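Order of writing sets the chain letters: A, B, C, D and E. Residues in each chain are counted from 1.
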Amino acid sequence: MGVEAREARQPWILLSPALVAITLLLFVPLGFILVYSFWLRTATGADVAGFHLDNWAEALTDRFYRDILLNTLKIAAITTVVCAVAGYPAAYFIARSNRNKGFLLLLLMLPFWVSYIIRTMSWINILGVSGALNSLLLWMGLIDEPLAMLYNEATVILGLVHFLMPFMILNVFVSVDGIDQNLESAANSLGATRVQTFISVTLPLSLPGLAAGGLLCFVLAAGTYITPLVLGGPRDAMFANLVFEAIITQLNWPLGSALSLMLLAVLGALVLVYNHFLGMAQLMKGMG
Amino acid sequence: RTPFVREARAAASEVRFDGWGGVVSEAFREYAFDPYTEKTGVKVVDGTFGGGDEYLSRVKASQPGGYNIAHLSGVFDYARYAGLGLASELNEDNIPNLKYVIPKLVDVFRPITGGKISCVPYDYGTTGLAFNRKHISEDEMKEKGAKILLDETYKGKIAGWSDWRTRIWYASLQTGQDPNNATDMDAIWEAIRTHRDLSLKYWTSGAELMSLLAEEEIYVTEGWSGRIYALQEQGHDIGYMDPPNGFGWQECLFVLKGSPMPECEELLNFMLAPETSIAVAEGQNYPPALDPQKVDLGKKIPTLPAFDPTGTLAGLTFADPEYWNGHEAEWSKEFGRIQKGY
Amino acid sequence: MGWSLIRFWTFLVYIFMFLPVAVVVLLSFNASEFGAFPMSGLSFRWFVELARNEAILRAFQTSMILGALTALISTTIGVLASLALIRYKVPGQNLISTILIAPILVPEVVLAVALLLFLNALSINKSFALLLAGHVIFTLPFVILVVQARLVSIRRDVEEAAMSLGASPIQTFFSITLPLLLPAVLAGGLFAFTISFDDITGTLFWKPGGVETVPTQIFAMLRNSISPEINALGTVMIALTVGLPLLGLAIARRMSANSGG
Amino acid sequence: MSTVKLTDIEKRFGDYVAVHRMSLEMPEGGFVTLLGPSGCGKTTTLRMIAGLLDPTAGEIQIDGKRVNDVPIHKRNLGLVFQNYALFPHKTVADNIAFGLKYRGVGKSETAQKVKDALELVQLPHVAERYPRELSGGQQQRIALARSIVIEPDVLLLDEPLSALDANLREDMRVELKRIQERIGVTTVFVTHDQSEALAMSDQIVVMSAGRVEQMGAPQDVYNTPGSEFVARFLGASNIVEARCTARDETSIVLEAPDLGRIVIPADRGPQVNGTGPVKLVLRAEKLALSEDKPSDGVISHSARVETVDYQGQAARYFIRLGELQLQAINMIDTHPHGEGSEVSASFRPSDCTVLPA
Amino acid sequence: MSTVKLTDIEKRFGDYVAVHRMSLEMPEGGFVTLLGPSGCGKTTTLRMIAGLLDPTAGEIQIDGKRVNDVPIHKRNLGLVFQNYALFPHKTVADNIAFGLKYRGVGKSETAQKVKDALELVQLPHVAERYPRELSGGQQQRIALARSIVIEPDVLLLDEPLSALDANLREDMRVELKRIQERIGVTTVFVTHDQSEALAMSDQIVVMSAGRVEQMGAPQDVYNTPGSEFVARFLGASNIVEARCTARDETSIVLEAPDLGRIVIPADRGPQVNGTGPVKLVLRAEKLALSEDKPSDGVISHSARVETVDYQGQAARYFIRLGELQLQAINMIDTHPHGEGSEVSASFRPSDCTVLPA
C-alpha cells in the first residue's frame, strides 16, 4: 500500500473516536428527541407514542413561543454586541501588549473556575440593595436611597456578558494578534490617523475573529436558562427556560422536544449562515 | 440483555436514597444510613436533587429500580408518582416505627393507592407569609393577610415562589376562594398577574428566599416556615404568619416501584426512628411527622413554626391531591405563561 | 483613541470580570451567613467548617477526578480528531468540523434528557462512565477548537524528518508531534477540566447514585441555604487556580520556548 | 551509497500533472541537482524518491531495488529541508541521535557517532544546546549531521540553503559540498538558484513545468543551453531573433538585425537543421564592453550604456545596440563604464549558441 | 523631495542601545542605503525616521524642519516593508488610493493618479485584483506604487526585495532604481544584501552593532574598506596579518608571511601610522590565478587550488599559498582551473588595502 493510500485512511481512523462518540452520544439521542416530539403527554404525565403533530403545531403557531424566542434572540444579540464592544478593546490591548499576553489571557479564564451558580449569585452581593455598589454609592453620598438594580433584563444581560466575555476576548485576540502590525504602520505612513487606521484596516481585518466570538457568544447566550432564573425579574425568561420548564416542571417531554428542536434549528441555521460566509475554520482559529 | 444491566432484584446489597443535600443528608447519614449499614450490611447510596420536578424527570428517564427511596414533597407528588405507575406497596408490618407517626399524615395517602401506602410521612411545614418587621407591622399583616402580596405600596418589594401551586393557592386566598376548590379561575389568574407586576422576583429556592429577605431586597413574600425560622435564628428581624387557610404540606419518604422492598422497609424504619427524625427536623427546621403525644420531641422542635403539639394538625390546610393533580398539566402551563408576562 | 484609554478600558473589563470572584473570596471570610456589606466580622470559621465537611470534600474530590478524567479522554479524542482535520485532507472537512462543534449548539437540558432516553432504550443503567461520557461530549468541541489552533503551527516537515530517520508514524507521533503539541494539549485539557468542573445541568441528570460533584452539591443546598463553606471552597479553589496555572504557565512557557516558537 | 533510478515516473494531483513521465539515473556517489523555477515539480520529484508521495505511474529504484511500496521510514534516506526541521524540543545531540535509536545502535556507539558527526560539520561544541540557540547556518549543519549520521543510502536535500542569508549561503555551499565529497553519498539536491546548482553539482537536471529540459554537467548546461528556457534560466543571456541563411559541416551562417552576419561553429547549434529563423544566444558575460576598439577575431559594434548595475567585482550593463537592448556583465577594474557612455560591445562567435526558433 | 538629516540620534530599548549617536545627512533626491548584518540597527534607524519609534536622543530633520514630534501620519513619507504590507481586504486600486483619501484628493483625480501609478510600476491591468491574487514581485511593486502615489517627501524602504527569489530580486532591483530615478524622491533603503546595496545606491552607510562603520559611494566603500568588518561584509576578501616595516609619504612597506615584502601606495592605507602589525586586505576578485607566469608589476606566488566553486561566468577558488588559505574569484573562459592544479596567484599591490591591526 502506498503512502497516500495510508494518508487517505489515517484521518478516518483518527476521527473515528470523536465521530463515534458524537454520533452515539449526541446524534442518536437527538433522534430520540425528534421521535419524542411527535408523541403526546397525557394528564397523568405518561407519554403516548404515535405520530402527532400537536406539539409542533403548538410550538410553531403559538405567539407565546415565538415572542419568547424572539426575545431570547434579542437578549443574545444584545449580549453579543455588549461583549463585542466591551471585549474588543481589551482583546486589542492584550494582543498589542508586548509582555504578559499569556498571563492576561489566563487571568481572563479565572472566573470560569468559580462555580457558575455561585458566580452568578454573587451579583446579588454586588448590585443588591445592601450590596457593594449601593453601599459604596451611599457612603460616597451620591445617593440617599439604595438603588434597585437587580432582577431585570439588564442584569440578565450583565450575567451573560460576564459569562461570555472571555470567549469573545479570546477570539478577537487571536484575530488581532494575527494582523501584521506593519499594515497599521503602512496606513499611518500614508496619512491615516490612529482612529482612521483602526477603522479602515484593523477592524475589517479582525472581523473574522469578531464574528467567531460573536457566534459563540450568541449560541451560548441563546441556550442559557440559569442566568435568567437567578438574575432575572418575573418576565425575564428565555427560550431555554421554556424547554427546561416543559421537560422538568411540566414533565411534558414531547412538547419540550419540539421546543428544543426549534431552538436547535434556529441556532443551526445561524451556524450555517456563518459557515457560509466565514467558515468554521475561523471559529477553530478563534479558540487558540 | 447486555452485561451492563444491573438487575434491580440482584441489587439488594445496596439501596439508593435521594434527598435534599446539606444538613439533611448529613443528618440522615449519621443517624440512619450508617447504623443501618452496620446492622444489615446493606449499603445506602445517597444522592441529592435540587428540586422534586428535576428528580421526577430523572426517574422517568431511568430504568425501574434505578432509584429506590426519595424524600419527596407530600401528597401531590405521591399522586403524580402513582399516576406514572411508580408506586410500590409497603408492608407496614416491617416498619414498626410507623406507629409513632401522626395518623392524619398517613391516612391521606391511602385513597390514592387503594388503601395501601408506598411511602411514610416524614415532616411537615407551611408556606406562610414572611415579612420584614422593620417595614411592615404585625398588625398590618394581620389586617391584610394574603392580600398584602397585592399591595401597591410595596411594589418592587414583593416576591413569590415560582411554583404554580403556591401561586394559585395564594391567589385563591386573595380572591376569597377555597384553595382546594376554586371556582373562578379567571379571578385567580388576574390576581396572579397583579402579583407578578408588583413583584421584584420569583424565587426558586430556599437559598434565594433567605437572601432576598436577609438583604432586604424585598419586604414581603410567601415563605417556607423552616427557612424563615432559620433566618430568625440568625437574628434577622423577619416575621412569619400563616394566614387563615395557609398552605400546609408534608414531606414523605417514597419507595419507588422495582425497589428491593424488605431492605427499603427496614431503612424506612431506621429513618423514622425518633432520634433520626428529630435530628433531621432540627437541621431543616421542619417538624417531624412523629406524633408529639407519643414521642418526646425535645426542646427545639416545639418552637418551630407550624408545629402542632396536639398531633392532630387540625389547624393546617393541606392540598387536596385529586383537585391539584387533576389540573396540573393545564395550570402549570398557564402559570408558566402568566409568569413570563402573558 | 489613545493607548492609555484602551489600557484603562481593559482594566475596567478585568475589574468587571473579577467582581464576583472578589465577592466569593470576601464572603468566605465573613463571620455571618448573610449580608456581605458591610461585613459583620472577619473569620476563618467557614474554612474550619469546610475542612470538617466530608460531603463537600468528597464532592470536591469527585469533581476533581471527573474533571481530570474528562480532560484526559476529551483531550485524547480531541487531539486525534484535530490531527486528522489539520494534518490530512479529509473530504467534507467543513461538515465534519461543524459536526464536532455541534454539542455546544444543543441546549444542555435537551442533551441531558436525550442521552438518558437513549440509555434507557438500551436498558443501560446510569453509571460514572455515563457521566464521564456526557462530560466528554460537551467538552470535546472546546478541546478541538484549542488544539486545532495550535496544531497548524507545528510544522509538518519535522514529522517527515523523523520518519525519514526511521521512526514509524506512531513512533513519530509520540516522540515528536505529541511533545510539540503539549502546550495546546495542556490548554485544551485545562479547558475541558474547567467546563466539566463547573457543569450542573448535565451532571444532575447523568450522575449515578452516591456521586456528587461540587456544583450538584451546591444545587442540592439551594433548598435550604447555600453554606458559606462553599465560598471558602471557592477561595481555596481560586488560590489553587491562581497558583497552579501560574505554575502551569511557567511550565508551558518552558515547553513553548523549547518548541522554538 | 547507492544509485537512484527513476523510470517514467509521473505524478498527478487530481487533473494537474506535476511531474510528466520522467526518467533519470543518478550515479553512485554523485551530486545531482534538480534545478528549475518555482512550481516546476522539483519538490514533488524529491518527495517521491523519499516516499512522502506515491508516484501515479512509473518506478523508483534505489540500488536496483524497486522501492515504490517501501514506506519512508524503511528507505534509509537522509532528508534535509529548507527550514531545517530540527526537533525543537530535543538537544542537538538528541536530534542527531534520533535516527540511530531506530537502528538499534548501542549507547556508547551512538555517543561516538554523534560526536563524529558534530566534528564532521565542525560544530563539536554545540551538542547540549537546543536548536533555537543556534544560528541558521549552524542549524542547517545540524540537520545535515542528523541525516548523514545514519549512513543513508541516498541524501535528499530540498533547498537546504535558501533560508540563509547571502554570505552564509555561500559559506554553507562550500561546506555542504565538502561533506558530501568526504562521505561520498549519492545526493539529490533541489534548488531554484542557478548559482548554487552550478557551484555544487556533478550533474544538473533543469526542469520546467514538470518536465526535464536539459541534463548534464554544470559547464555543459551552462555553456551549451539546450533551449531558450535553459539559456534564460541559467544566468543572464541575450537572446536575439536571427535567420540562418546557410549551414554546412563546420559552420552556421546567421543574419541578425543590428548584428549583421555572424558565422558560428556548427557544434554551437547542434539542434539547428537547414535554414530559417533561429535564436541566437549570447551570455551577458561573454559580451565585452570597452572604450577602445577590440582585437581581431571578435564581432564588435558600438553601443550606448543605458543602465549600470554595480556589483562590486563586476557590473551588469544594459546597453542599446541599434534596436536591440542587450545586457553585459563585465569584471571591472576600479570604475564601471558610466551611464550614457558610448562603448564598443564585442563577442566571439564561438561563445554564441544557436537554438531553433 | 527633501533632505533628511539625523543628528546624534540614539535609540535604547531598556538598557540595550540599538543605535548609538548616529549622524547622517541624506542629500535631496539621493538613494542612500543602510547596509549591515542582521540586528545592527538598520530597521530601528529607518523606523525612527518614519516616526514609528521615538529616538531616545538626538534630532531628526526632514527638509530642515525638526520632525521628532510630528506624528507619522503627518510626515508625508512613503514606507515599503519587506512583506509588502498590502491591505489584504482592499483591491489593488483601493490600496493605492488609500493615502490619497487622507489628502483630500477628489474622486476623478484619485482615479487618474492610481492609473498613473499602476503604469509607472508597469502593472496597469491589476487594479481590480486583490493582493493575494498577485505574485510576490507584483505585490512589491504595488506596495511601491501605494507609497509613491502620495508624492512623499522621502521614500523609506525596509528590505523590500528580500522576500523575493533570486531572479525576481534582480529584476525588481533594476525596476525600483528606475522608478526612483524617474520620480527623483529622496530614498532610504535598508538591506543586508551587499550586492543590492552596491547595485542601487548613491551612497552606502555600512552599519555594525548600532554604529556607522563606513559611509560613501558604493565604489569607494567597496574598493577602500575602512575596516576589517567592512572588508569582510562587502564581498569576499582575503585578510592577512602583516607587519608594516616602513612607511613614507608615498608608500607603505609590508612584510607578510608567505607573501613576502609588499610595497603599497600610501593612499591605500590612510589609517595606518607608523610601523607595527597591520592587516592586509585583498579582494578575492583581485587575486588572479593563471597557469602561466603573469606579466610584470604584479606580485605572484605559486599556489594550489583546493576547492572550486563554479559560478557560471566566474569561479570561486580556495587556494593554498604556503600556510595561507586564500580565495580568488576569477572570470572563466570555458573551464575553471581544476581542483589540485598548481597555479600562480598574482595581485597588484595597488589593489590591496592596509588597515590597522
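Here is the rule we use: contacts are C-beta pairs under 8 Å (C-beta built on N, C-alpha and C of every residue); 3 or more make two chains touch, one makes a residue touch a chain.
Source: prediction; values computed, not measured.
Colleague: Determine the set of chains touching chain C that also touch chain E.
Modeller: Under the touch definition, chain C and chain E have A, D as mutual neighbours.
Colleague: Can you list every chain that touches chain A and also touches chain E?
Modeller: Chains touching both chain A and chain E: D.
Colleague: What is the chain whose Cα centroid lies farthest from the Cα centroid of chain D?
Modeller: When every chain centre is compared against chain D, the largest gap points to B.
Colleague: Write down the chain pair with more C-beta contact pairs when C-D is set against A-D.
Modeller: Comparing C-D with A-D, the pair joined by more C-beta contacts is C-D.
Colleague: Counting in whole Å, what is the centre-to-centre distance of chain A and chain D, each centre being its mean C-alpha position?
Modeller: 56
Colleague: When the centre of a chain is set as the mean of its C-alpha atoms, what distance in Å lies between chain B and chain E?
Modeller: Inter-chain centre distance comes to 88 Å.
Colleague: Rounded to the nearest whole Å, what is the centre-to-centre distance of chain B and chain C, using the mean of the C-alpha atoms as each centre?
Modeller: Chain B and chain C have C-alpha centres separated by 36 Å.
Colleague: Would you kindly tell me how far, in whole Å, the mean C-alpha position of chain C lies from that of chain A?
Modeller: Going by mean C-alpha positions, chain A sits 17 Å from chain C.
Colleague: Listing for chain D: what residues touch at least two other chains?
Modeller: Each of 52, 71-72 in chain D touches at least two other chains.
Colleague: Would you pick out the residues of chain B that each touch at least 2 other chains?
Modeller: 51, 54, 57, 204, 208, 211, 215
Colleague: Give the residues of chain A touching no fewer than two other chains, as numbers and ranges.
Modeller: Touching at least two other chains: 121, 125, 130-131, 247-248, 253.
Colleague: So which chains end up touching which?
Modeller: Those chain pairs satisfying the definition are A-B, A-C, A-D, A-E, B-C, C-D, D-E.
Colleague: Inside the complex, what are the residues of chain A that reach chain D?
Modeller: Those in contact with chain D are residues 1-6.
Colleague: Going by the contact rule set out above, which residues of chain C touch chain B in the complex?
Modeller: Touching chain B from chain C are residues 32-35, 55, 113, 116-117, 120, 122-127, 204-205, 207-212, 216-217, 219-227.
Colleague: For chain C, which residues count as touching chain A in their complex?
Modeller: 1, 6-7, 9-10, 13-14, 16-21, 23-24, 27, 35-38, 76-78, 80-81, 83-85, 87-90, 94, 96-111, 113-115, 117-118, 121, 133-134, 136-137, 140, 142, 144-146, 148-150, 152, 169, 184, 190, 194-195, 197-198, 200-201, 214-215, 218-219, 222, 226, 230-231, 234, 237-238, 241-242, 245-246, 249, 252-253
Colleague: In their complex, what parts of chain D are in touch with chain A?
Modeller: On the chain D side, the touching residues are 51-54, 68-69, 71-72.
Colleague: Applying the document's contact rule, which stretches of chain D touch chain E when the two form their complex?
Modeller: 37-38, 162, 165-167, 170, 173-174, 177-178, 192-195, 198-199, 218-219, 222-223, 233-235, 283-285, 307, 309-314, 316, 318, 329, 331, 334-336
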